[in-house]
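Order as written gives the chain letters A, B, C, D and E; numbering starts at 1 within each chain.
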Amino acid sequence: MAALWNQPDVQVAVWALLKVGIILNGMLILVSYMIFAERKIAGHMQARTGPNRVGWFGFMQPWADVLKLFFKEEFIPAEANRVIFHIAPMLAVIPALVTFAVVPFGPGPALVGADVNVGLLVFLAMSSLGVYAITLGGWASNNKYALLGGLRSSAQMISYELAMGLSTIGVLMLAGSLSLVDIVHAQSKVAHVFGLPIPGWYVLYQPVAFVIFMITALAETNRAPFDLPEAEGELVAGFHTEYSSMKFGLFFLGEFMNVISISCIAVTLFLGGWNGPGPASLGLLWFALKLALLLFFFIWIRWTYPRLRYDQLMNLGWKVLLPLALANIVLTAIAIQWVSGAAG
Amino acid sequence: MMAFPWLSWLVFFPLMGAVLLCMMPPAANRLIRTWATVVAFAELAFSLPLWWRVIPGQSGWQFGERHDWIPSLGASYHLGVDGISMLLALLTTVMTAITVVGAYASVEKRGREFYALLLALETGMLGTFFSLDLLLFYVFWEAMLIPMYLLIGIWGGPRRVYAAVKFFLYTMAGSVLMLVAILALYFMQRTATGVATFDLDAFYALVIPGGAQTWLFLAFAVAFAIKVPMFPLHTWLPDAHVEAPTAGSVILAAVLLKMGTYGFLRFAMPLFPVASAHFAPWIAGLAIVGVVYGALVAMVQPDLKKLVAYSSVSHLGFCMLGLYALNPQGLAGGMLQMLNHGVSTGALFLLVGVIYERRHTRQIADFGGLWKSMPVYGAVFLVVMLSSIGLPGTNGFVGEFLVLLGAFRADTPHVGIPLLHLAPTWGNLWSVFAALGVILSAVYMLRMFQRVMFGPITHPENEKLADLSMRERLVFAPIIVLIFWIGVMPQPVLDRVQPALGRTLRLVETRMQVSGAALPATRFAPLARSAAPPAGPAARGGAAGR
Amino acid sequence: MSGVIPLSWSLALSATLFVIGVVGVLVRRNALVIFMSIELMLNAANLAFVAFGRSLQSLDGQIFVFFVMTVAAAEVAVGLAIIVNLFRLRETVFVDEVNLLKG
Amino acid sequence: MTLPLISLIPALPLAAVALHLLLGDRLGKRGTALLACGAVGAAFLLALRAVFALAARPEADRTLVEIVTTWMRAGDFSVDISFLLDPLSAVMILVVTGVGFLIHVYSIGYMAHDASFRRFFLYLNLFMFAMLTLVLADNFLLMFVGWEGVGLCSYLLIGFWYERPSAAQAGKKAFVVNRIGDFGFLLGMLTLFAFGGTLNFTRLFAVAPHVFAAGGTVITIATLLLFLGATGKSAQIPLYVWLPDAMEGPTPVSALIHAATMVTAGVYMVARCHVLFRLAPVSLEVVAVVGAATALFAATIGLAQNDIKRVLAYSTVSQLGYMFMACGVGAFSAGIFHLMTHSFFKALLFLGAGSVIHALSNEQDLRRMGALSSRLPWTHGTMLVATLAITGLPPLAGFFSKDEILSSAFASGHFGVWLVGVAGAVITAFYMFRLYILCFRGSSRLTHEAEQHLHESRPSMIAPLVVLAVLSAVGGWVGMPFQAGGHAFERWLRPVFEGGPAFAPARELSHGTEWALVAVSVTAGVIGILTALRLYLQSPQTATSLASRYASLRTLLVNKYWIDELLDAAVVRPFGAFSGWLWRFWDVVIVDGTVNAVGYALEGASAVLRLFQTGFVGTYALFLALGVAAMLLHFLRHG
Amino acid sequence: MIFLFAGFAALLVASSLLVVLHRNPVTSALFLVLAFCSLGGIYLLLQAEFVALVQVIVYAGAIMVLFLFVIMYLNLRQDVERGVQTAIRRGLGWLVGAVLLAEAFALIAKRWQVGPVSGGPEMLEGNTQAIGRALYTRYLFPFEITSLLLLVAMIGVIVIAKGRGGTAAADDSAEEKP
């Protein structure tokens, strides 16, 4: 056993497995409670209380939902493409999970899955793969509405993916590296302007980028104003109309997993990750707080803005966000040049 | 060097006329006709001074113009004229002017394009005669085909497309061979002297080894033989003539056929003397076959134009025989025969055109007793016919006699068979057969003349045929004058062409020595004598000086 | 990570990929599948590029992959547009039913 | 010499021709006639003037050469337009212009009512010009110009009434046969020039003995070729077929061309080249034999002809035979003497026949004539003189010239030729008197309407007849035999003929033999006359019985030994067939066929290649892949 | 390392074979996505991270989506291979494939024996930085040209897709991914 232990690969593998376990379970729990939180907050926003029956003040509601979904009857539409029908929900979850591998939860190496020097790219790659789940889901369920819903959502995701990618470039230019850990470290410097200690977060340096990122994040996860595919009115339940029980659950899980992963990335890129006043060890706490802030933001947006029409959606994506992102890149470049020029 | 680029002006003036012609409204027939005539006659007027400005005795090219055309290749735009090309150029301008006037009635549709093409054709022809750069020569040689092809193809008779395509492809195939030979020469020249040029004089000076010379000569010979046309390659001529419009076939007969013989005279012989001497009997043999074959086949032709076409095969056989007798009389005869054939056959086609315009048929059987209804036409036809069969006193005879003389005295080996223990040389046999051709030509011409002109009027339509209009008489007047003028006084023409021919022969002789071929002693013996100013009481002025 | 992939292996892989692409083009009748096989062939080329880039220690290989990608992207776009149009005109995507240029 | 002596003679008729053309119809009939006859008359006077000038010169250098210009010069070959006058050509121009003038006057009357009057005279003048050039030429080439010019005019004049297909056919035949003759002449000229180096008579004859080996093959061939030309022109055995058909033309034409002038050109040419012929005794023999054969052969055919002009045509052929016989045996001056006398009485005979035909309104068949002596006194009188002359009765011209030929033939040892000559004389006498009797004597067999407007010809036609009659009668005396140095005519021509190589003088005949020969020729003539009288005058029925008994012989003669049909079948038809085959089969199928075949072959080849373009994208991809495979293979092998 | 490479390679070959063999175009498209991801993996092993990820983003993320779009849009059913002519062509296709493969392997074996393990040190600076620098210095011109190409392709696609008579084409399906 010992011999086995002290071989370098084995150690790395075991440590990696451990991290995977922690992240996976953590996320599952976080998602379920986020669903619960969303229902509670939505309720309170609409002047009603959310679910409070199950368990102490409704805290056990997510477990109830999970159990419900597990035991629901599983049925598959006729003529559906059985294989793809099963794969689609899995594809919804996988990309989000993979992104967590590169998110730096805390300062030390222990608190980040794998410090990959192209972390940002991994995120972008995974977000682009997200499209498949929805498309195939719509396609496989052999239902016109599902298909249309699937196509619409994938078109939406593709368009916004473009803007998101470009907005992150601003951060990239400032940080000088694709690795998320480096980006967080780059944000740790505190600058004193007019005597006020201003944290080096990029949200302050890249406000436009942050706004674009958040909007595209909403669109990427089919949430709030951009949740056209599931629009009840027109397309019944969008792409996952035909899905029931656990596959529907997985889609739901995937959606929220995406929300969380995008917010983690947003925190890392713009809100300075684990940076925060106080000793370094508080890093994870600061990260959790910022994450909660953003999640609340997601939920908050959902229940305030009306759904966008499809053409508005497209126009916003192509004719507003994209140019803005490009402009932002150019401005940042000029600013950097100007600053280094002055300093140089 | 003439300050005024006379030759280029001569070559391109008709083209300018043609271009302007194309700008005129197609319907204005009268304007088109007058303009075409003005251009043609202006061209004639420009070319006439050539007659006395070209000094026969002066060696080398006169009125030379040389500009760089494609410097990288060494191709230059090099024009020049000497006795031979001067005469042929004059023939071209005269015949084109006559054709333009002659074609008034025959062109019904699209007169504008017709005249434009005719003038463009004249440019092509003059260009070919004047160009001394092989590439330029080849360009004009090909450029000439296109207007002719169109003339036959558009205004021709029922099978015109077949005839035009055949004419074009046939000539094109030949001239492509020539192009290959030109290129071969070009590269040989470059390797030998390092100077890359297409200039004719440079090629004259080039020493070509025997083997190559044979092949190159054959390439050139085939191209020109098709154009002449010589016996086996002549089948395009009858078709082209039968289907061509009157003006087209006049120009085709009068000038285009001379390209072949001119080509032999200017390029094939001087460039490859050894091969020429070697192949001379073959070519002369073919020419003889052409003469007799042409005459025989002409005898049974039902169609007038085909008859005249085959007669020109026969006449040009004479030309070739004259050229390849390789002695001064032969060359002079050949050269003269070119001019005579141009004039008389051109006139014959015009005459056929006249009755074709009136009766729209060319079958001899449809005519008969025309002399009664068209006496003037009859007289003109008689004179032209006599010139065509070579009656002494007309131009035909002078050319034929000199050719026969040249052939008779051609330096050829003796024929093996002891004929009545008499050893005739091949030359003698050639002239015997050629003389036989003279009889045959009389037979078929008279037979045709009798069936068309004499006898009672069998077809009612022939009764009221209108005789030659004033315009048509004007067209034929110069031709008849030319026939008798060359017939009675050929000396001015001969004086102008002798020196140039002498130069060609001497060039052939020197190049033979240079390329080490055994100079057949007797071959050019007469040359030696001819070099000395000929005796004879009335030696003409300075012309005799070599 | 120790050890490096020998060049010949990646080339062999690239060759197999390429051949599979070729076979795909030759064998299949569906224009889209043919199109995919062409993508396969392109990727085989990319692989070869990267493999050589790696063994010759130069970045050029990878940069070329970029250019190949952009070209492939453009090509896919245009190709698919054509296929769509073709489908609209001929109601079929099968190549052998489209022989407009039959001699 | 103020005016150019010689060159003006041919120039005058040429000028007349030009004037006819230019002035055209404005001249009117009288004007044309005046111009034409005037020109020929002036030419005659000029000829006289030139001959006197020539006679004035001492006997030794009686040659006048006048060079106009250099006609042609190429390399060492040079020919001038130059004229030569020597006693021989003097005689010729006198005969040509003299008889020509008379015939011109005659034809004014004869052609009075013909539509294309002007065209006739134009052709006649052109003929005169050509004949004079021929005769006066100083070199072979110029002679050849005249030679062919004369052929052309005979073609035009024979085919004058071109509406008649037979006339046109005859014209063409004449020209073609002449052309065949010219073929020989041309080749003869070429050989002479090739070896002699010049075509000029004087120079050639001077150099001939050195260049040509006497009796050698070259000179024989050359002279035979020249003789071929002569036979073509003077209608001897092989090429005489055109003369009988030439009768299609108007009678003055026959008189002028086919009796007096053109046909004699052959004899003149042989006489002119006597030097060459003497160098080649073989060809002289040939000339003699051909002459004799023609004389006899033509005479026999003449027997059975019923058309008056055909009889005269055959008699001309036979008389020409005599002239060639004379030249053949070496008696060139005798030949020329007979030529002169013959042109007088033969022209007279033709013109007489013409006035007879004119009188009988174009009736030419002897069987429909008869008893015209009283009604056409003048014609009858002159015709009688001419007939007597031709049969060779003593006082008249015919006797002297024919007798001299026979005697010189006998003298030079050609007994066979002499015998044929005598036989010919008998037959000539017989058919001439047959013609005379059928035409003037016997019962009148005129058709009714011919009877009506039978009238004697106009004075303008009679006058020339009378003049010619006088000439026929007196012409002979110039050659009075038995004079010491030979008669006047021979002395006149001696400088021309003895210039050549020494020729074995004819054996001097003793007076006795000469008188005997004279007697023989006279009796021959008398026999002919008597038999004719007996047969046709006293007992016509014996003529018919004879004809029936020898029917086969007679039909043979009537159909002219079927020579024409023979020639037509042997030459004309096969030539036509051969050239027909040549064209349709050889030209169209073989030569043209190969050209088209190349075209079709190419088309076939391209059809094969087309198979590869199936249109399926798949196949193209397959080829692509195969290409790659091949390349890889290549790299593998040469890697 | 080698195992990973072998794994990815096997996955790659299997998936690309299936792309070609499978009847249903959608499935073959998915297998192609799988192939591209495994290829991305191999690139990672060849230390070309940036290219790997871009490969995933561009090929798997964009191009294949397009393919899926078109397949779905055209609603294709199963491919059916029939007809003699096609049979021949298929047979020939496989034959040629086999020949090419054999030749390629022979060539590789001949030319590049198992190369010297030249591995060499890790790339000095980050792969992405290096590519970025090279791309915008030495290869700037080709870069601009490819951008132009993309522009042209875009215009082309729009024109084609619009088709004659401007029938409403599915806009997004013709959307072009950078």
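In this text, a residue touches a chain if its C-beta (ideal position, glycine included) is under 8 Å from a C-beta of that chain, and two chains touch if they have at least 3 such contacts.
Source: prediction; values computed, not measured.
Chemist: What's the fewest number of moves from chain D to chain E, given that each move must go to a chain touching the current one?
Modeler: Counted as steps through touching chains, the separation is 1.
Chemist: If chain B were absent, into what connected groups would the remaining chains fall?
Modeler: one piece
Chemist: Which chain is most remote from chain C in terms of Cα centres?
Modeler: Between chain C and every other chain, the largest centroid distance is to D.
Chemist: In terms of CA centres, which chain lies closest to the overall middle?
Modeler: Answer for the innermost chain: B.
Chemist: Could you tell me between which two chains the number of C-beta pairs in contact is largest?
Modeler: Contact tally peaks for the chain pair C-E.
Chemist: Measuring between Cα centroids, which chain is at the maximum distance from chain A?
Modeler: Farthest by centroid: D.
Chemist: Could you work out how far the Cα centre of chain A sits from that of chain E, in whole Å?
Modeler: 28
Chemist: Quick one: chain B and chain C, Cα centre-to-centre, how many Å?
Modeler: One centre to the other, that is 67 Å.
Chemist: Centre to centre, by mean C-alpha position, how many angstrom separate chain A and chain C?
Modeler: So the centre of chain A lies 33 Å away from the centre of chain C.
Chemist: So the centre of each chain is just the mean of its C-alpha atoms; given that, what is the distance between chain C and chain E in Å?
Modeler: 5
Chemist: Residues of chain C that touch two or more other chains: which are they?
Modeler: Residues 22, 25-26, 29, 96 of chain C each touch two or more of the other chains.
Chemist: Chain pairs in touch?
Modeler: Chains touch in the following pairs: A-E, B-D, C-D, C-E, D-E.
Chemist: Contact residues on chain E for chain C in the complex?
Modeler: Its residues touching chain C are 1-2, 5, 9, 12-13, 16-17, 19-20, 25, 28-29, 32, 35-36, 39, 42-43, 45-48, 50-51, 54-55, 58-59, 62-63, 66-67, 70-71, 73-74, 76, 79, 81, 83, 85-86, 89-90, 92-94, 96-97, 100-101, 104-105, 108-109, 112-115, 117-120, 127, 130-131, 134-135, 139, 142, 146-147, 149-150, 152-154, 156-157, 160-161, 163, 167, 169, 173-174, 176-178.
Chemist: Which part of chain C faces chain E closely enough to touch in the complex?
Modeler: 1-13, 15-30, 32-33, 35-37, 39-40, 43, 46-47, 50-51, 53-55, 57, 59-60, 62-63, 65-67, 69-78, 80-85, 87-88, 93-94, 96
Chemist: What residues of chain D sit close enough to touch chain C in their complex?
Modeler: 610, 613-618, 621-622, 625, 628
Chemist: Would you mind writing out the residues of chain D in touch with chain B in their complex?
Modeler: Touching chain B from chain D are residues 67, 69-78, 80, 141, 144-145, 147-149, 152, 155, 159, 162-165, 167-169, 171-172, 175-176, 179-180, 182-183, 186-187, 190-191, 193-194, 217-218, 221, 575-576, 578-580, 582-583, 587, 591-592, 595, 599.
Chemist: Which positions of chain E touch chain D when the two form their complex?
Modeler: 85-86, 89, 92-93, 96-97, 99-100, 103-104, 106-107, 110-111
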